[in-house]
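One chain, subunit A, links the two complexes that follow: it is found with subunit B in the first and with subunit C in the second.
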Partner chain A sequence: MDPVSRQLHEEPTPPNLDANRKPIKRGQSQWMIARRRLLHNVPAMISIVFLFIVTVLSLSASILTDIDPARINPMLIDAKPSAEHWLGADNAGRDIVTMLLYGGRTSLLIGFSCTAIIIFLGTLIGTVSGFYGGKVDSILMRFTDFMMNFPFLVFVIVVKTIFIDTGVLALILVIGFLGWTGAARVVRSKVMSEKENEYILSAISIGTKPSKVMLKHLLPNVMSTIIVQATLLLASMIVVETGLSFIGFGVPPDVPSWGNMLQTARNPGTLSEKWWIWIPPGLAITFTILSINFIGEGFKDAFNPKSSK
Partner chain B sequence: MSQQVQLDEKKDIHVDKEVLLEVRNLKKYYPVHAGFFKRKVGDVKAVDDISLTLKKGETFGLVGESGCGKSTAGRTILRLTESTDGQVIFDGKDITNLSGSLLREKRQDFQMVFQDPYASLNPKMMVGHLVDEPIRNYTNKSHKQLKTEVEELLERVGLRAEDYFKYPHEFSGGQRQRIGIARALALNPKLIVADEPVSALDVSIQSQVLNLLKELQGEFDLTYLFIAHDLSVVKHMSDRIGVMYLGHMVEVGDKDAIYKEPLHPYTQALTSAIPEPDPLIKKERIILEGDVPSPQNPPTGCVFHTRCPVAMPKCKEIIPQLKEVRPNQQVACLLYDKE
Partner chain C sequence: MLVYTLRRIAIMIPIIFLVSVVVFFLANMMPGDALSGKIDPLNSDPQYIADMREKLGLNDPIYVQYGHWISGFLQGDFGQSFVHKLPVSELVLSRLPNTILLAVIAMFITYIVAFLMGRYAGRRPNTTGDYGVQILNYLALAMPSFVAALLLIYFVSFQLGWLPASGSIGSGIEPGTWDYIVSKIKHAVLPSLCLGLLPIASYTQFLRNDMIESAQKDYVRTARAKGTPEKKIYNKHILRNSVIPIVTLLGFDLAGIIGGSVIIETIFTYPGVGQLFIDSISNRDYTVVMAITMLLTVMTLIGNLIADILYAAVDPRIRLD
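And now, the complex of A and B:
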């Protein structure tokens, strides 16, 4: 008899693998482990707190100040910072602090909602395309290529020129429906590598429906990629808003946004002498984006099983 | 050939009650595309024309070296990959062309235990949910009912009921394989295809898992299609054995016949490679020359002729068919061709 089968005959199956294991405790999911890692990441935690404060301040703008952000006050044109108006007023006499608060509301709204639309569409198209492969994949990816080659900036400018009265919502929709292509490709490639794992085959073999395989098995495992993508997108969407508003094709001029506030800096006189008009929104944008990027990096490290943090 | 057909027909007569699974001329080709226009330039013949029959309650061992198409055969039989040609008859019903919800309905009766316990469990799911997922797919049981059922299953496969709340990464390979077995058992299937269930485990753990599978077979009335490349493992587990080489079934027979009196030169070489613990017994070891040819461009005639120590000129031309040479032992080799 060879060694293996001899062993097979002699060893009975032990009923419990390890009787003196530690007392029962609930297992730790990978999410919990990632959360613990994130909590230990100082820059990311500072950034999360910062972003939270910025969001809360923007949302409670109407409570914090009773000045109408759109009110043009000829008495205050180019007013310097004072006790009453902490950061002064701009060239239309609008209070900078109020504008910052309300502007944050617009910029963050655009950033978050564009990201939401993009991530939703990108995940949907990327997952379906990567999971089914073959013809479905070819069709969806050619469509993605087509959308990707769409000149984004030109399209936004044309839409904004045709529909002059369109507000923030139109901008969100245009950016959202044109911007999902990159996210779709990233999600698709991740899904394609993830679905090769035997657990997907195993889910099919126990009779799980394809839709459920995608939702319950694939999505949780590509979620880390999606979250990191989303944070990077959030930062770039705020930049897109700022950029478009700066060149005058973004948010309508009467709606305060950080990008609109920067627009005044296009005037050389303002730029060289009236720092209080453009430095605050500039700093707000810089710090917000910086913190979002730190959060993104923090997520990336937290989800990476190889990082030791 | 006519003899072969008759044999099959004879078997068909007592198919109804005894036979659980019948595979007829199963083929799985993977197309190879090349060039700028992605033209099809050939096929990788992973499984080329294999037939086998599984009686209820028996264990059929499928052996062969890596890359010979054992796993592909297992997956194709369970319709986890689509077959190119052939028929799979499960419990009297042809499941080859079932699709969508009809196939899903049938899947309750045949389950699979996977090779890699590290890749075959979703790392994001709690053990309890991994094991109750198959039950949830087919029934509307309450949460409480599910939990008691899962705990029973976990205990039956040698884990603890408390493991319900743990995640796969907290277990060792052997324990994970037990979770995989619990998952396959959850639906009370008739057939389990075990695709190298122990090849990723330590030898000491292997025996525990194999014995568990054996115990469960009696308890749950299971039929196994046991795929492995370890000959002693297959010997321990199987009643009948099929030997595969390069996508072809070269020999099928009862365990003892295959191990004591192998007929096919390839089987002879394989069995001569089983280590012998007794140093006093001298064994003639047949060492095969060369490598396994590429399945994309298999040799003409008998696929084994390039490495066969007793090849004849006609082996290059004629494709041998499986023939019953002795009772309960079929071999596909021209050596036993009387014509």
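And now, the complex of A and C:
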């Protein structure tokens, strides 16, 4: 699915966090209040723990299992789950549990890297555009609108076809450079409402350099928006990677990833007879996204001054 | 309103021009000749390629080549498919009705299901029924469409045998008969449901939250004070206001469905434009790839245009910009 349309369904965060907030206790910063709210949000906390465990398990894949994920074992082709191989093996005799761990590493790595690139580009373009306004803003925003017109998945596939036979890094770069538009728009609108505040006006009036105003004064105050946006993006980036790998245009087939694991289920025989090959990666993707979504909502509530939680 | 619509359409013309430049640029970077499809992409003999390039004018200056391509394009000449030995326009037109059918059914399912579930949950917030709808929503938002597709094929097609899992029509059915229509729709239900999954969940959520919020508003209190029956308050007063914002998103849905169809049609081996796109990439039939890229981009543009116009129709303030 398309991350752009996902973002369009999001409600904008209400502007002016500071003006609307009721003082709960004297001396509490916005971050302290947000942390307290987040700690009391049960689904979000469970999700953070879950995501943490998934990440740690994936990162320590090489410690947890001594099976080589790429090794093809003809003895184990389509093996059913057993005591030795908890979830059996796939059509090339690769152990499913091992593949899940290594696959999680690839899928999460790509998800986090793409999100990082997109948030960096989106924040850069959105902040510059929103802060300077005028001509700079209209040029950058026309460019953003223009980029938004392209169907994201279709263009990722086309660009990937030009750079055929390239690995994981190329995929990350292509997704990153095509996907920043939504983030730029959200950051821009937040910066535009934030820069009208007096602290920014006074910083400018005493002659602070624009770069310093943006980095030291604006950025910390749009950070809450950026964090929420990053969480939503992480979820959609994992979907993009697994989706592309699933149809064979993502990660190279010899690299284990959750999307590549699901690819075997495109064979009707595997789909109908061998549930242990495709159900585990399907569930891994779904529950990872579910937990990221809960964390995203937790952040949104925590930063929202009108929230009752 | 008319002025706004015309102005929005006028803005689209330079955008389409720029889009065509981007597509042309990408096509030029593709191996072989991606725009007229007269060079065999699998033949790597340098003499053959050099001869063909000279013959097809691929050594001309880049703007001359662009001129040739865009004038052919405007006359409906999208080049030749090397694999199918057919004009690309003919090939794409044979697949387009299937994708449009999919999109129409997907939207139909989306609006009906989201309306029913949203109304159900919005009328009884924080009850068991509401929580049930919410859980379904969270799952639908988290499950990627292709995972949902696999589960639906496994349970609905393989285990229960209710609906077909591949193709767009049963074998040996005559076009034009009643059976033909039924079979067509049956084949489209599962892929459409997968395409609609994300919008269903987000609309249900939106409708529920908006109904709960509206129920506190003054006009609802006035209606209650006048003694309007509860059923009428919900159906006539609240729902009408809550449905409007959803309808304006119709254009964005169109864009989302176009992107999603590439993956979903491939899973269901549904002979639409999305599947043709993926097949053509695998077969290195780049003429078709570039024509579909252009087509899908224009369709996305139209989707965004519809969204903007609907939005302006609902909210008059937009038109003033």
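In the analysis below, the second predicted complex is superposed on the first by the 280 of 309 C-alpha atoms of A that agree within 3 Å, B and C clash if a C-alpha of one lies under 4 Å from a C-alpha of the other, contacts with A are read in each partner's own complex, and residues count from 1 in each chain.
Going forward, contacts are C-beta pairs under 8 Å (C-beta built on N, C-alpha and C of every residue); 3 or more make two chains touch, one makes a residue touch a chain.
Computed from a prediction, not measured in an experiment: that's the story for all the values here.
Q: Taking the superposition as given, does A:R35 touch the first partner, subunit B, the second, subunit C, both, or neither?
A: In the superposed model, A:R35 contacts neither subunit B nor subunit C.
Q: In the overlaid three-chain picture, which partner chain does A:I247 touch, first (subunit B) or second (subunit C), both, or neither?
A: second
Q: Have a look at where A:K80 lands relative to subunit B and subunit C in the superposition and call it first, second, both or neither.
A: Neither partner.
Q: Can A:R71 be said to touch subunit B (first), subunit C (second), both, or neither?
A: Neither partner.
Q: Using the superposition on chain A described above, determine whether A:P151 touches subunit B (first), subunit C (second), both, or neither.
A: After superposing on A, A:P151 lies in contact with subunit C but is clear of subunit B.
Q: With both complexes superposed on chain A, which partner does A:L201 reach: first (subunit B), second (subunit C), both or neither?
A: The first partner, subunit B, only.
Q: List the residues of subunit A that touch subunit B in one complex and subunit C in the other.
A: Dual-contact residues (subunit A): 1-2, 4-6, 8.
Q: Hey, which residues of subunit A end up touching subunit C in the complex?
A: 1-2, 4-6, 8-9, 146, 148-155, 157-159, 161-162, 164, 235, 239, 242-243, 246-249, 262, 265-266, 268, 271-272, 275, 278, 282, 285-287, 289-290, 293-294
Q: For a test of understanding, state which residues of subunit C touch subunit A in their complex under the given definition.
A: Residues 15, 18-19, 22, 26, 29-31, 138-139, 141-147, 150-151, 153-154, 158, 165-166, 198, 202, 206, 249, 252-253, 255-256, 258-260, 262-263, 266-267, 277-278, 281-282, 286, 289, 292-293, 296-297, 300-301, 304.
Q: Taking the touch rule as given, give the residues of subunit A at its contact with subunit B in the complex, in rising order.
A: Interface residues on subunit A, with respect to subunit B: 1-8, 11-17, 24, 26-31, 197-199, 201-209, 216-217, 220-221.
Q: Would you mind writing out the residues of subunit B in touch with subunit A in their complex?
A: Per the stated touch rule, the residues are 75, 78, 80, 104-105, 107-108, 111-112, 114-116, 119-127, 133-134, 137-138, 158-160, 162, 165-167, 169-170, 172, 174-175, 180, 183-184, 186-187, 203-204, 206-208, 210-212, 215, 230, 232-233, 235-236, 274-277.
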